[in-house]
Structure formats: C-alpha cells, structure tokens
Amino acid sequence: MRSRASDSLRNVTLTPGFAKHAEGSCLVKCGDTHVLVTASLEETTPSFLRGSGKGWVTAEYGMLPRSTHDRMRREAASGKQSGRTQEIQRLIGRSLRAVVDLSALGERQIIVDCDVLQADGGTRTASITGGYVALAQCIGYMKKIGMVTKPVLKDHVAAVSCGIVGGTPVLDLDYAEDSTAGTDANFVMTGSGGLVEIQGTAEGAPFSDEEFTQLLGLARKGIGELVALQKEALGE
Amino acid sequence: MRSRASDSLRNVTLTPGFAKHAEGSCLVKCGDTHVLVTASLEETTPSFLRGSGKGWVTAEYGMLPRSTHDRMRREAASGKQSGRTQEIQRLIGRSLRAVVDLSALGERQIIVDCDVLQADGGTRTASITGGYVALAQCIGYMKKIGMVTKPVLKDHVAAVSCGIVGGTPVLDLDYAEDSTAGTDANFVMTGSGGLVEIQGTAEGAPFSDEEFTQLLGLARKGIGELVALQKEALGE
Amino acid sequence: MRSRASDSLRNVTLTPGFAKHAEGSCLVKCGDTHVLVTASLEETTPSFLRGSGKGWVTAEYGMLPRSTHDRMRREAASGKQSGRTQEIQRLIGRSLRAVVDLSALGERQIIVDCDVLQADGGTRTASITGGYVALAQCIGYMKKIGMVTKPVLKDHVAAVSCGIVGGTPVLDLDYAEDSTAGTDANFVMTGSGGLVEIQGTAEGAPFSDEEFTQLLGLARKGIGELVALQKEALGE
Amino acid sequence: MRSRASDSLRNVTLTPGFAKHAEGSCLVKCGDTHVLVTASLEETTPSFLRGSGKGWVTAEYGMLPRSTHDRMRREAASGKQSGRTQEIQRLIGRSLRAVVDLSALGERQIIVDCDVLQADGGTRTASITGGYVALAQCIGYMKKIGMVTKPVLKDHVAAVSCGIVGGTPVLDLDYAEDSTAGTDANFVMTGSGGLVEIQGTAEGAPFSDEEFTQLLGLARKGIGELVALQKEALGE
Amino acid sequence: MRSRASDSLRNVTLTPGFAKHAEGSCLVKCGDTHVLVTASLEETTPSFLRGSGKGWVTAEYGMLPRSTHDRMRREAASGKQSGRTQEIQRLIGRSLRAVVDLSALGERQIIVDCDVLQADGGTRTASITGGYVALAQCIGYMKKIGMVTKPVLKDHVAAVSCGIVGGTPVLDLDYAEDSTAGTDANFVMTGSGGLVEIQGTAEGAPFSDEEFTQLLGLARKGIGELVALQKEALGE
Amino acid sequence: MRSRASDSLRNVTLTPGFAKHAEGSCLVKCGDTHVLVTASLEETTPSFLRGSGKGWVTAEYGMLPRSTHDRMRREAASGKQSGRTQEIQRLIGRSLRAVVDLSALGERQIIVDCDVLQADGGTRTASITGGYVALAQCIGYMKKIGMVTKPVLKDHVAAVSCGIVGGTPVLDLDYAEDSTAGTDANFVMTGSGGLVEIQGTAEGAPFSDEEFTQLLGLARKGIGELVALQKEALGE
C-alpha cells in the first residue's frame, strides 16, 4: 500500500504568497492534502491583552465541504464549529505562539486562517507547517514597513503525525493509514529540536513507552526535513 | 483604469476536475476572482420531493476569510450565514436548476459548493458559470455509471455582471468598478440566449430603460463567450 | 380566474397613522395581502456611518405564522430568519434608501418594520409601497419638531410584481397567479419613473427580451397608479 | 389619570374570523391593547402524545417590534425568544388546555398564535380571552366538517389583570397603571368561576392576604363580563 | 405513600459556606432535592442601572443532566435554556430582590446561581430558600470588608410549594406528589409574613377560593419554619 | 508553596453511588477539585452504530459557574459549549472507551456526565478517574439485571496531570501550580500500565525528551495509586 519508506515524508511543497490580499500566505501540499493558509494582520488585540504592550497570534481552521471523500456539512450552515474544529484551531494557535515573541510583535494581532482545500490525512500538522511560512511572510512585511523592529520569531516550528500501522511505526500518515493506525500521534517541534506539543492516542490497544519513543524518533527526522523546506521556501 | 475594452470580459479560465474527491468540480478564474466549485452527488432528496421521482440541485456559497481585501469574519465562527450569502446561494441554485430536467435526474440531489478562494468582484456570476461546468461533469459521471439515461441538462447556463461606471456601460465589473458603479446588474442566460434571471440595482441615481437595454446587450455578448469557454472546457 | 383586466392593480388602500406608538406607520392592503408597516426613529446610526454626518434607513420583514394558507413556523422560535426573509428586507431597505438624502437625514436611523398580517402574493412590493408612506410620515414628524430642515425625500418610490401567467403578461400577481406564473418579476420605480430595482426570474422556461419589455410596461403603469395613491394618502 | 371606575374593564371588543386563512381567529382589543389571535389546526401531535388518542393545544406569543412605545428588537433577528415570551406562551397554553377535553379533540394539535399589534398593558390576559374565541371558532369548524363529534370545550376561560395602584385595588391595568402598581396579579378563570391560574407579584412592598382577596374579587367581576362578551361574539 | 403529616415539611438542611470560591453559598437539601447555591459579587451592574447608584440581584438556574430520574439533555449542549429554566430564574431573582435594598447595595451586582444536584420536586422553592442564605452570607462578607454600610436586607424570604393531592391539601410536594396533584401552587413570603409571589395552577379541574385559602395557610406555616431554619443556619 | 512531595498525589477520595437516580455515579475529590460524575444508561446508540451490534460510551463535561475563583458565564446561557469544554469531553470519552468492549456492551449507550462542583486544577483527569468508577458501577448494574453477560471492561483506566514547576517535575498539579508550570502534560493509562493518551504542551520554553520522560515516570507512579483507589472504592 505504502510505496515510500516508513520514515519518509509524503511529497511536500510550500508556496508562499499564494493569496493576493493577505499580508502573508502559503499553499501547503503534503501529498494529496492541500491547505491554503493566510496570515492577516489586525491592529486590535484581544481584550485580555489590552494595555499590556503584547500582541497575539491566533488560528482558525476550516474544511471546504467537499475537501473530504464524502461531503461534510458546511459549518457555517450548521451554525457552529465542531469540537474537532475548535480543538484543531487551538492546537495551531498554541504551536505558532510557541515561537513568537509577543512583546516584540506589539499590541496587534495576526490571525492565521487554515482552509483545507483537499484532505488526505494530516491537515492539522500541514496547517502548522504552512502556518509558520505564512506567519513569517507576514512578519517580514511588518519589518519592511517598520512596524516591528526587534526579532519577532524566536525559532521555526513544524509538525507531523506518526503512527503504528500494521505493527510498523511510520512517518506522516495519509488518510488510509490514519484510519487503520493502532496508535496515532501528532508532534510539534521547533527548528532547534525542542518539543512544543505532543498528542498521542491509542486508537486500539494501549501503546508502550517503547513504541512511543519510536514515533518520537520518526517525528524528529520528519520535522527536521520540514524545517529545511520552510527555510528554502522563505529564501533563508 | 480599465485597460480592456468596455465590452470585454476579464481573462477567464475554467479547469474541470480540479478537486480529487468530488463527482464534478471546476476552478473558475475571472481575472483575480477565483472560485473553487464542486458538485457532490447525494442519494437523498429534500423532503418536499420524496416520492415525486424528481431530483434537486442546490447550491452553497462561502468566502474564505481572507479572500477579500480586509479579512472578513468566518461565518462558521459567527454562527450563521449572512443575508448576502443566503441570497447568493439561492440565486446560484435557481440558475442551475433552470437548465436541469429534474425528472431525468431521478430522486437524488446534487449539491454545488462554491467557495471563493480570492475575490475581485463577480463572485456570484463566476460561481454560476463554473457551477455549470462542475454540474455537467457530475452528470457525465452519472451517465457513465448508468445512473441516468435520459438527457439531464437542457441547455448551458452562464452569468455575468454589467454596470454603468463613470457614465459608460461596461461588461464584467471587477471590485473597483463594482464599488463605483452607478447601476449594477447581474444577468443569467442560457446557451440559446433565454433569460433566466435579471437583477438590476440603482446604487446611486435611478436608471432608465435605455441604460438597462445597453447592459442587457453587453451581457448577451459576454455570456455567449462564456458558454463557448464552457463547451471548450468540457470538450464538447 | 382573474376577474380584473390583465393591466389592473388589485384594490389598494393605504392607511397612514395606523399604529399608535410609531413616528410613522401605514396599513397597506393590496387585495387580500395586508401589511402593517411602522417607521421607528432611533437616535443611533450603524457603526460604519458614525461620524459621517449621514443617517440610515433600514428595513425588517416578518410574516405572522398564520398569515399564510398553511401555518409557517415562527422565525423567532426557529431561532433564525430564513434566506427569503433576509433577501426581502435587504430589497426593501435598498429601495427606500434610493429616494432618501441620507445627509439631510442627519446621523440617525429610521427602521421600517414590515409585518405581514395576511398574505396573498406581493408582500414585498406592498411593503415597499406602504413603507414609503410610513417613512414619509416619520420624516414629516421630524420636520414638524425641527429635527430636519432640508428636504429628506428626493422622490416617491413604489413597487409591483408582474408575471407571465398562462402566456399572458399580467400586472400585480396574487398568490394563485404567482404560483403558476412562468416568469415573475418585481419592479421598483420612483415617482418620476426612474428604475430602482429589477428582479426577474424564469420559474419555468427562460424568457425573452420582448416578454421582459412587456412586463416592464405593465409595471410602469401600475407604479404610476400606486404613487398617485401614496400622494392621496399623504394629503400631498 | 384613570377616567373609569376602579372596578371597570377598559373598552373590550372581540372580532372572530378576522384572519382569512386560519381555522379560527379573533382580533381582541382591550383599550389600546390589540392582539391578533389565530387558531391553526394541525394533523400532528407532539411526540409525547403519539398513540395516546389525545390531542394538544399550545400557544405562541409575539410582539410586533413597534407595538410598544419604544421599538423592541425583533426576536427573529436576535435569534431567540426572551424568557418573558416563553413564560407568557406557556401560561396561555396551560390556560386554554384547562377547558379542553384533549381526548375528545383526538390525536391532533391546535396552535394558538397571539401576536400583539399594539401594546398598552395586559397583552397576556387579552391573549387568553381572545384565544378562547379563536379556539372555539376552530373547534366549531372541526365539528361542522365532522372531525370531532363529542364536546371538546368543557367551559369558557378568560383572564384579566388587577393591581394595587396608589393604594387602590383596580381592575384591568393599562401600561401606565401596570408600571406604577405596587402589586400586580393575573387571574385566569372559567365561565363557571373556577380558578385556573393565579400569578401575583409584589413589585414593591409585599402584599397581605386581604389585599389579595380584594384583587381576586375584582378579577371575578371582570372575568364574568369578559365571558359574557365571548358568548356574544361567538353568537352563543 | 406520604409518611409525614400533610402539614409537615420534608427534612430540610441548610449548609452555608459549602463552596470554596464564592462570596456566599449554601447547599440546601429538602428531602431528596439538593441544590447548590452560590452568590457571586460582581463590580458591574446591568446597563439599565448604570449611573443610578443602585445595584442588582439576579439568579440563574440549572439542573445537572442526571439530577432527574431520566437523564435530561444538557442545556449547554442544546444551545439554549428552556422556557421552564428561564421562568424559574426570573422567579428566583424577583423573590430575592423583594427583600433587598438595591440602593444600599450600591452600583454592583450579585448573581445567585442555583444548580440542582438532585431533583425530587420543589427545586425552585428550595433555590429561593437556600438562595436567601447564600445572599445573606455574601452581604455579610461585603459588610465585613466595608463595601456596604447600611442594611441591605430588609427581611428574610423563603418559599414552598403546596398542592391538593388526592383531594387533600398538603405542604411541600415531592416529585411523586407534584406529578399527581390536582392543583399546585408556589408561595414566596417574607419573614414578617408578607406575600411576595403567588403562583397557583390548576393541573386538572379548576380550584375554588376555599381550596386556595387552605394552601395559603399551609404555606404560611411551612415558610415560618423555613425562615427559622435560615436564621439558625446564619447564626442570627 | 507545595507542602507534599513532588511525586505525591493530592488527597483523593472516590465515593461511588453518590447520586440517587443514576445507574452509576461517583463523587471524586482530588484536593479541592470536586467533580460529580454520573453514568446514564440509554437504550439507543448513535446513528453510525445502528445495526452494528456495538454500543457506545460518551462523555459530557461542565463546570458550575462559580466552581472557579471568578465566576464564569454559564454555557447554557451563552448558547454554546466552549472549545475547551468540547476538547475535554472528547478526551474523557476516548479514554473511557479505550477499556470498554463495545460489542460486549451491546447496542446501547452510556453517557458519562462530569460536572465540576469546585475547581482547583486537574478537572479533566479527575473526571476520567472518577468516570471509570461511575462507569464500572453502571456496568455492574447491567450485569446484575442480566443486560450484559460477557465482561465489558477490559482494564481499569485513570489519569493525572504532571508538569515542570520552577524547574522541578511534579505530580498532580493544582491550579496555582498549573498556572505557573512551564510544561504541562496529561497522561491517561490503563491499570496494566498501557498508554491510552498523552497530551504534552510547552507553556513557555519547549521541553526536551528527558523532561518528558521524567513526567511520564511520575504519571506512571500516580496512576498506579489512583487505580488502587478505584479498586478499593469498587470493592474489588
């Protein structure tokens, strides 16, 4: 089924500047998973930060109704965002904030919108990886116009999922693998290798410390490669 | 400001089959307006048609939050679709149904999702023009697998906006033109030239019968060209 | 079925001052369609106009649950206004604003509520015709107390629907006619004959330019008569 | 301020059959309080009664936005019914059901819609008094077409408010009296004088048993007169 | 069925200070009905009181999903509070405000949350009785820190339900009694015996003045006992 | 600040059968965090399992408004559950299902309601630990009445949070510790030591593999003790 090695990423492309209007943007493709990410700069900050001198980075996530194999009901039509949507956008926001100096950003907000055009597994990790690129482009724009002067980004950040499929630990699950994985874990790490977020779930039998350590190793390899692609896309 | 002739369409491309999962799809670009349309086949029909032997075609419409110059609030987050969104999706649905033989379709439903990736005026008319292509591709699929046998599509259908800008009647308004137009009208016509829908609005001063007739003439020219592009895209 | 001539309006009465509390009001009856319209003056303006010196006129529309042949669900109970309701209230608002000098109105808002007590076709056009009367009464009140000094109303405005029923173009459709019309169009015009809004829809087969021109002619005749009735009701 | 005696009702008129489409209806006017009530027959019953052979009577209540001195926000626009609205419609429903033999009604439902066209105090009690008339007319219709054969209505029911205003117990409060009343009570009684519902509230100081007894006496007198008007309106 | 006398309360306990964080709190148990009440002090007041120098006391009410015999749907999940919930929280708020000097409270608000941990009839009356204790504790705290100086509470307030069960008037209905009662009434009274609220409902046949007088007498006895328990709990 | 050892749990008590009506229940106290958990048996299953022969276990979570230091808005009043609430109830449901044989349960559903009476950190992990006890009691009831015959529970499951506070890895964070922790992780494990869920988040600086391993070790110790308390509470 899987044609590539168990420790290989799918084919990944990152296209910054895909969207005409946004201060930062990136079309990220991980295999057949395609996410359009935009970073929008707003001169207001959430009320809990007003007067603090600090800014904020937040994320929103959505899927086009037919990004999936069967059509899903449009969340705008059903009148609310699902628990899954809210969980994902909280994760993306936390992950990106982990590498942002909110004081250097100043009292303003960047909203990172991650819209899944086509889904084939790993949409939340692709959103983080591409979200970093859109965010960096937005901050680059702010620097250019003199809106920020100190470094805002403290590190790179990227994410990948790993899982145990048919007894084998594998990197970067597509939808078919994700559906059959016994254990499924998402990892978010910085460019310098620090852990930002770990989410591991036993879908079938519980997993052991050893299995978890193997997944962590695969993630470390994959995220290293993703950060290299981010640097290349941003011309660093 | 306007570099093309007052009776010229913007550059239009129609890419059928853009989406992997949908039975029909089309990426439609009219200048900087980009809409991703999918046609999803569902084996259920609205309750008011149950037992009638007839099917249904309906449309949904959405804009990515940063498809616009300033970021708009995500409708899924605000918990409801705006009046504008509902008005547009009703228009798209009516327009497409005008060329569908609902009895030949049989008791099933096609949902046409029009999601604006980038907006620069004319998103509703682009959705109708691209929606026809996605719908035709979906019906082609149904024919191929023997789900329908009689012709389902009775004609082509496409749409364009026209307006009076600085006193001059012009075809296919972009956002800048739309914002300054004194009168703004959307036209939906069939391939054989029949009128399906007319929506004309005086934004400033009322308009005259003569002005309206000029806009109708421009629309007729533009829609003829759009139908030719539809045929080409569908390989007819 | 139709006892009056194809170019005759139903019996129309306009009763200004029907409501005790409102600054302006009108009970409009077009045949068996009865709409109670009130114009409420509020000393606040929408946020997008704050500081502009300009005012606003907006409309809301509702139907009593048993205004229709079969009882409809109360929108307050279902928790949202339908797409049809929103489309209608946007149309009424646009139509009335077309004859209002928003600068002369000053930074305040008039809300025109159109509540259908009994429905028999043409509720949106009756709302516009009666809405003008309520609005004019409200502005008369504002003049009397010295709140406005310059003329606020630039012209009259009224509306009517026309359609092609059984092959014949007819003026002012009742519900039975509307349900069987092949083409159905709403026209909004000023007292001096300018076009404010045109909405034409093919319910069955597409319609031709000639048919549309015929409907436009009928509308022009009917709206002339409605404006005369408005003047009479307002004692002009 | 009050021109009539402390134990006099306001001028009351009950106009059955006011609405064209409904099986039963009544326009009830109590002074400047005007409520349009319709009774709609539906051939379905709430799920908790399915298979029981019993029917149901329920009520809904609404106020037109400008029925009041200052415009109120439309509940359909705010997306929910207020606590006050829900409390009132529960009271109306309970009161009407108190005189209905639900088994004789059969497994169907009557929905009584009470829409306040103009408010000047006592809208909930007017709704009950007029609601009985609309309900009786609806049941009369059901009898005529043979849908029910046994008597469905066990008695008449009507309602009135009383209060202590400036130290004096008075019958049938208008809005000005209601706003200044120290104690305010609504009474619902049957034609034969049985108590169906009592709701007494101290708006200022608590009230005594004696005061309450006085209000009860006034209510008994007023409801007797209202029931006589109901009989007259229904031609009994 | 009923093991205690017809004029006896169930076993009642009032435990002030049950909640760690709240300024005032009380766990009230009336037989198997258990309600956790907290009184939360907030330094804001509703907008209609801003600048008036007056404060406000309001109540909210909720039931844990499995406080009842069959699980009820969680109101937070269904997205709105039922009409019953709103009616109850309005009653609790009105009852508590009847003994509060809102001017002495100053421009701040106390929110009394009544959450039913276990239900066996009489949850709204238990909420009022326990709500007074939580409120008194909160005001005691405010006195201690000097936030209020004049007496805020003008009297005690407590509540109980009575009903006619199998022809016999009884005090303090449990769920089984409440379900079979022909007439059901809630009484709210002050410590000095003034009536604050009366809500009597005929569940089956209408009731007479005499029956109502008997229920009032029972309530007066029960509320006297409840006020004595309040004083004891508060160490007065 | 912390008076107990860095590898000590807070004082934990588990009281099964706390709620009168529910098939299973448990009051769980972890220090000042108190959660009332009920397990409700329902003879329906979600639609996606109908006909599969399998059952379902799901969880809902709520906080009383004043369970926290400052009062939180009631989710039923705000009309929706927050992203945090939904994330927590999804975690609890997944964790409990990890030890349930859904086929042995049969086509029915158990809803585990976790309502926080008082919060002092670790409410989600306490809900899982107490949820297991309520679930086990519910399944014990089902066994007793012969509703299930095969073993439904495959193992125990419990949860605890760990974190790095002031540079030191500590077990079972209270609110004050959680607010200042640099890294915060929740662990869910079975009685036999298998990992069910890991959620680790860097609140400040990213964390290392070594730090994470230390937290995992602390969790393993704590969960072992919690499972022993579960067995004791259930009399196993």
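Going by the order they are written in, the chains are A, B, C, D, E and F; count residues from 1 in each one.
Heads up, the rule we're going with is that a contact is a pair of C-beta atoms (placed from the backbone, for glycine too) under 8 Å apart; a residue touches a chain by one contact, two chains touch by 3 or more.
By chain, UniProt protein names: A, B, C, D, E, F = Ribonuclease PH.
These figures come from a predicted structure and were not determined experimentally.
Look at the contact of chain E (Ribonuclease PH) with chain F (Ribonuclease PH) and you find the same residues on each copy: over half of the numbers used there are shared.
Note on B-C: across the candidates C-D, A-F or E-F, the interface recurring with over half of the contact pairs conserved by residue number is A-F.
In whole angstrom, the spacing between the mean C-alpha positions of chain A (Ribonuclease PH) and chain B (Ribonuclease PH) is 33. Taking each chain's centre as the average of its CA atoms, chain B (Ribonuclease PH) and chain E (Ribonuclease PH) sit 59 Å apart. Chain D (Ribonuclease PH) and chain E (Ribonuclease PH) have centres, each the mean of its CA atoms, that are 28 Å apart. Centroids built from CA atoms put chain E (Ribonuclease PH) at 50 Å from chain C (Ribonuclease PH). Residue positions of chain E (Ribonuclease PH) touching 2 or more other chains: 79-81.
Read around the ring of contacts, with chain C (Ribonuclease PH) first and chain D (Ribonuclease PH) next, the chains fall in the order C, D, E, F, A, B. The touching residues of chain E (Ribonuclease PH), counted against chain D (Ribonuclease PH) in their complex, run 80-84, 86-87, 89-90, 94, 98, 155, 185, 189-190, 192, 194-202, 205-209, 212, 216.
Of all the residues in chain D (Ribonuclease PH), the ones that touch chain C (Ribonuclease PH) in their complex are 19-22, 25, 32, 36, 38, 40, 42, 60, 62, 64-69, 71, 74-77, 79-81, 85, 111, 113, 115, 117-118, 120.
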